[in-house]
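Heads up, the next two complexes both have chain A, just with different partners, chain B and then chain C.
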Partner chain A sequence: MGVTPSMFIQSVVGGVFTGSVYALVALGLTIMFGVMRVLNLAHGAFVMLGAYLVFWAYTLFHINPLLAIVLVSMPVLFLLGMIIQRYLISRLFNIPPEDFELMSAIFCFGLSSLIINLAIYFWTADFRSVRYITDALTIGGISFSKIRIVCFLIAILITGLVAFFLKKANLGMAIRATSQNRDSAEICGIPTRKLFLFVFGLGCALAAAGGSLLAIQYTIYPQMGDDYTTKSFCIIILGGMGSYLGAFAGGIILGLAEALSTLFIGAKFSEAVAFLALILILLIKPTGLFGEKSQ
Partner chain B sequence: MTSKNWVAPASIALLTVFMLLFPSVASGYGLSLCITLLLYITMAESWNLLSGYTGYVSFGHVGFFGAGSYATAILISRFGVNWLAASFFGATVAMLVALLIGWPALRLRGPYFAIVMLGFAGVLKNIVILWKDVTQGGMGISLPPILDIKPIYYFMLASALGIISLTYVISRSKFGLRLISIREDEDAASAMGINVTFYKIVTFLLSAFFTGLVGGAFAWYSSYIEPGSTFDIKVSIELIIMSLLGGAGTVLGPLIGATIIILGGEYFWTQFPLMHQAILGVLIVVVVLFLPEGIVGFFSKDKGAEKRNLLVWMFKTK
Partner chain C sequence: MTGKRFSFKHTILIAFLSVVFLIGVIAPITFAAEPIKIGASMSLTGKYARTGVYTKDGYELWAEQINNQGGLLGRNVEFVIYDDQSDPKTAAKLYEKLITSDKVDLLMGPYSSGVTFAASTITEKYKIPMITAGATSEEIWQRGYKYVFGTGPHNELYYIGAFDLAKQMDFKTIAIINADDLFPLSLAKAVEKLSKENGIEVVMQEDFPKGNQDFTALITKIKASNPDILFGGTYLPDSVLLMRQMKEQDFCPKMIVLSVGPSLPDFQEALGADASYVMVESFWEPAIDTPGNKEFTEAYKKKFGYEPEYHGAWAYSGCQVLEAAVKEAGSLEPEKVREALTKVHPTTLLPGEFKVDDTGMQVGQISMIAQWLDGKREVVWPEKYATKKFVLPVPPWSDRK
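And then the complex of A and B:
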């Protein structure tokens, strides 16, 4: 086989780079689930929308793709998320709490099918890509693509900002409080329904940020999101549903596991890694790595 | 539905007589449409037996369909086994796959289970693509073309009747009552001394068996299978929407839902071929929002959840 040390290092670094995007996407999902208990199976569709927004902003209006993340894709998806929450998801709150999670999953499954197929209809199923900074950086005989380094830094920056916001800002604390106990939060005067608007918007915006970074690094196509829905769920279950640290760690772990399994076993098997990791962790510790005792 | 105990068996009996005589009057097109319809009725009823009654929503039922299809196709193409026997072998393989995935997955509560099943179908597809020695990977497997589709029609009919009667019997037995108690409150059911794991696994296996069975017959019927269409996530979506539309957790619901979607779709999809899945998505959204009890639930009298009733919702003022 011959796995050289430089190949190994490259693989590990690549895995962390991929993992940082996973972490970003999964963070959005885990916030949504933690606060609203919505199993957003349409998360991948929002990732895809974010990716396409950057692509179109760059192709049609020649907006710098890195700027487009902050100027186009995140704000648009934030708004879209709020609209979806306000006019669709909020109607689900009539469903008794014990059925809510599953009904929300089925609902979002339908929503995802709708969004993805509208995308196929209007944008065709072609593979597209944003060509931006294509050269590489060589450090100590190992070369890294510059754009992937930039994307990694952006992913870490956004994740860090959101983490800081959740930890320190008033709104962030309100989000964490609601996620811990919705009833108590309401008693303390947190307007949870209004908070849900923000939370769903934030979750969508984070998915969009992840999608945008994917659009800059790889090719995009309407069904790209399907993988990310499953992977994000694997990650947040792996890390513990609703745990922010878990989502981050889970993302990096999955990125590493995929990269290393590609290196040692073969590229196509890496797709099953997330799932196998999920099954394993659920057998050993059903609440996830950083999960609380029970829900 | 206690006062209407005779409605379900009577209408099914009438329908059965008609269905038995159908091939002698139907055109080739009508017969093949009916095979598709029966295929989906069987699968939707199987999905419903698991998800409608126990509340464990499976997003990966197409995995059992695919497992049955592939096992059958491999047995026919490599060993020249009779398709009927091969289909039962396919169903057994689907059951074994279900046992493998169900053993860890059924220990998980609702949402976790749903997600694991979603991943399961995807992983199974990857395995089929990768395991080229056995499955011929992305090339797919070709089977000899068939001349007479009547036997397949009767096979599908028998499978559909089998799962419907099974669901009927289960829904009126203590077994069914225990399944519903798992759906309503698993902890309480367990505390009452019900071996919840046993009931969940048995239901899961039954559900997988019938899905794999028609999957096998469908492989023989279509003469060619490949991973993309055999493990198409669209099928899982369709099963869910059929059962939800008709009414999940009822015997007739999936039958009604599948009939509406397949027959209505037959006309509709040809008009908008590209929008097929998008329209299915809209249907799911609309049904969950406005008709969460499905058509059967909407018309059945003895239900308390009036606030979820479509008409009440439409005319209620805030």
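And then the complex of A and C:
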């Protein structure tokens, strides 16, 4: 059974759509890591919280799920992120910097477990879903799910806005400066502690945005984010730790790699492909596709 | 002096009377009332949390009812259940603890094939019989173990009904896809075997990763292989996503059989009318005519506040089997209970009767086939238990409202 061009194009479309959500989630993770050096193993838990917020906003208050992304999910997680940074993660800054990454990983692992189990406790392990626009457009024999087109556009829009903000806004430039060299940034008068509040909030909000998009396309349950933590780490290593462009490209590449390996090799290898790509990148270009040499 | 001697005698008398009192009055109260402890680990958190809780509720309802009826062998029963977090390794540790530290009298199984597979290595080591309530993979019974007993029909029996229907409809080809996990893998193997036995050609077979987030590419491949029947070894999130994306790509084979997912009401909630015509295995339904089924359904709903799924009925039935075996053995001794389990054939809430082969695998229960029709899950096979006539071939998406 051969692969026809339309099968190929259809798979590419699917891969890019999936990849755009990966990219959004990974972007949040890479900003957190780049600026704060936090290995946020709770990222998938924030994805899950974002998904649930859209579900509840839609189910309880009949808020349109697309509006709920910007009105509920992202703002709430932004606030939650700031609170977690202010009262929990900031305490880790007292430990020696060389231990910080490891300690932050351990802390976030515990936090993730806590959040997921609280979700099971309060919301039960039931599978939830948001039923919203389920038909598709067919153009030239290739079908485009309407909802996935919308989700793709939202993902691109949010990613674009964040990129623009980082490039042009004063705060964005401060973030990039801190990411490049924290000590110099502090000497130049950037209040890094205050900046971290914003950065952790932003990272969480981006995870929530990804989760919200999943809520509309996929099934919502307390462990739904687990894969996103591992995949996001793959993506940011692939793209280059702390590189924003890398996170975006890495997300799309992972989505495509999964779809095309399903098509050409077999679905069961699609997960392995992500890790294979990771190993290859680490061997050939350890700083990642878009990573700069660290100072 | 005499006073002292008298008081010494007195002391002995009091001591003697106290001992008599202890043995005669307190001991029977404490020892006779000591409940029979039944141990199990259960997926109360983690990926099987939901179905794990159903299973636990089934156990507890049985315990409550048997205690109301005067207990087992004249003693109350009490479950000791720990959370295994849906993790096989944790479950194995917990069974070790139940046996060696809690010293439970009897054992029931955890939820899911994978977890049971690991837990049974421990129960086998200590030679204590375990009745599984949520495990059906044949692999569990292919290791020559003597102390693990199945309650539900094993995987190879799941889809006999589906193939009976396929043959009636003269379907010729099948595509098999399944999640890369012990249970769906073993279902897929069973379906492959049934296909061969029924002369249906397998035109495609593929595993997909657990928690797959996109079926687009896989669907293009299934579509290209153009099967009459699609079988999916799926869990709920897979089954919902698969149906959504099949609709998006306008792919609709003549018969769709998916495991697990469509047996939950969430399948219908997530998909609405798009859930229609999908078939799923069914081990139990509230409406079927088995002894005590109606009373069970009412009592379960009253106690837990939700409608029972087959997991709860299955767990309850497993306990009924344990009850029958202990009564037959007249003792809690593991060897005697094991012996009894190989002999008894109690009828439970499940269709058919409890009967195991030499390996302890279940062969007496019947797996029914249910189909989603007009927003309801109806039994369509076998005719004896059918609540509605099946609808095949599945109408294409374009013909649906």
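Basically, the second predicted complex is superposed on the first by the 293 of 295 C-alpha atoms of A that agree within 3 Å, B and C clash if a C-alpha of one lies under 4 Å from a C-alpha of the other, contacts with A are read in each partner's own complex, and residues count from 1 in each chain.
We adopt the following convention: a contact is a pair of C-beta atoms (placed from the backbone, for glycine too) under 8 Å apart; a residue touches a chain by one contact, two chains touch by 3 or more.
These numbers were taken from a predicted model, which means no experiment stands behind them.
A.B. asks: Should the pairing of chain B and chain C on chain A count as a clash or a fit in the superposition?
C.D. replies: clash
A.B. asks: Identify the partner contact of A:Y218: answer first if only chain B is touched, second if only chain C is, both if each is, neither if none is.
C.D. replies: Touch partner of A:Y218: chain C, not chain B.
A.B. asks: Applying the touch criterion given at the start, work out whether A:F107 contacts chain B, chain C, both or neither, answering first, second, both or neither.
C.D. replies: In the superposition, A:F107 contacts chain B only.
A.B. asks: Should A:I120 be classified as contacting the first partner (chain B), the second (chain C), both, or neither?
C.D. replies: Both partners, chain B and chain C.
A.B. asks: Tell me the contact category for A:F164 with respect to chain B and chain C: first, second, both or neither.
C.D. replies: Neither partner.
A.B. asks: So, A:T138: does it touch chain B (first), chain C (second), both, or neither?
C.D. replies: A:T138 contacts chain C only, not chain B.
A.B. asks: Could you name the one stretch of chain C listed in 23-31, 113-121 or 365-373 that collides with chain B in the superposition?
C.D. replies: 113-121
A.B. asks: Using the superposition described at the top, list the residues of chain A that contact chain B and also contact chain C.
C.D. replies: The overlap between the chain B and chain C interfaces on chain A comprises residues 117, 120, 226, 268, 271.
A.B. asks: Spell out the residues on chain A that touch chain C in their complex, using ranges where they run on.
C.D. replies: My answer: residues 1, 4, 6-7, 10-11, 13-15, 17-18, 117, 120, 124-129, 131, 134-136, 138, 143, 145, 148, 214, 217-219, 221-224, 226-227, 255, 258-260, 262-263, 266-268, 270-271.
A.B. asks: What residues on chain B touch chain A, complex-wise?
C.D. replies: The touching residues are 55, 57, 59, 104-105, 107-108, 110-112, 114-116, 118-120, 122-123, 126-127, 129-130, 185, 233, 237, 240-241, 244, 274-278, 280-285, 288-289, 292, 307-308.
A.B. asks: Help me check something: in the complex, which residues belonging to chain A touch chain B?
C.D. replies: That would be residues 39, 41, 88, 91-92, 94-95, 98, 101-103, 105-107, 109-118, 120-121, 226, 229-230, 233-234, 237, 268-269, 271-272, 274-276, 278-279, 282-283, 286 of chain A.
A.B. asks: Hey, which residues of chain C end up touching chain A in the complex?
C.D. replies: Residues 45-47, 49-50, 53, 177, 180, 204, 206-209, 211-218, 220-221, 223-225, 236-237, 240-241, 244-245, 247-250, 264, 266, 269-272, 274.
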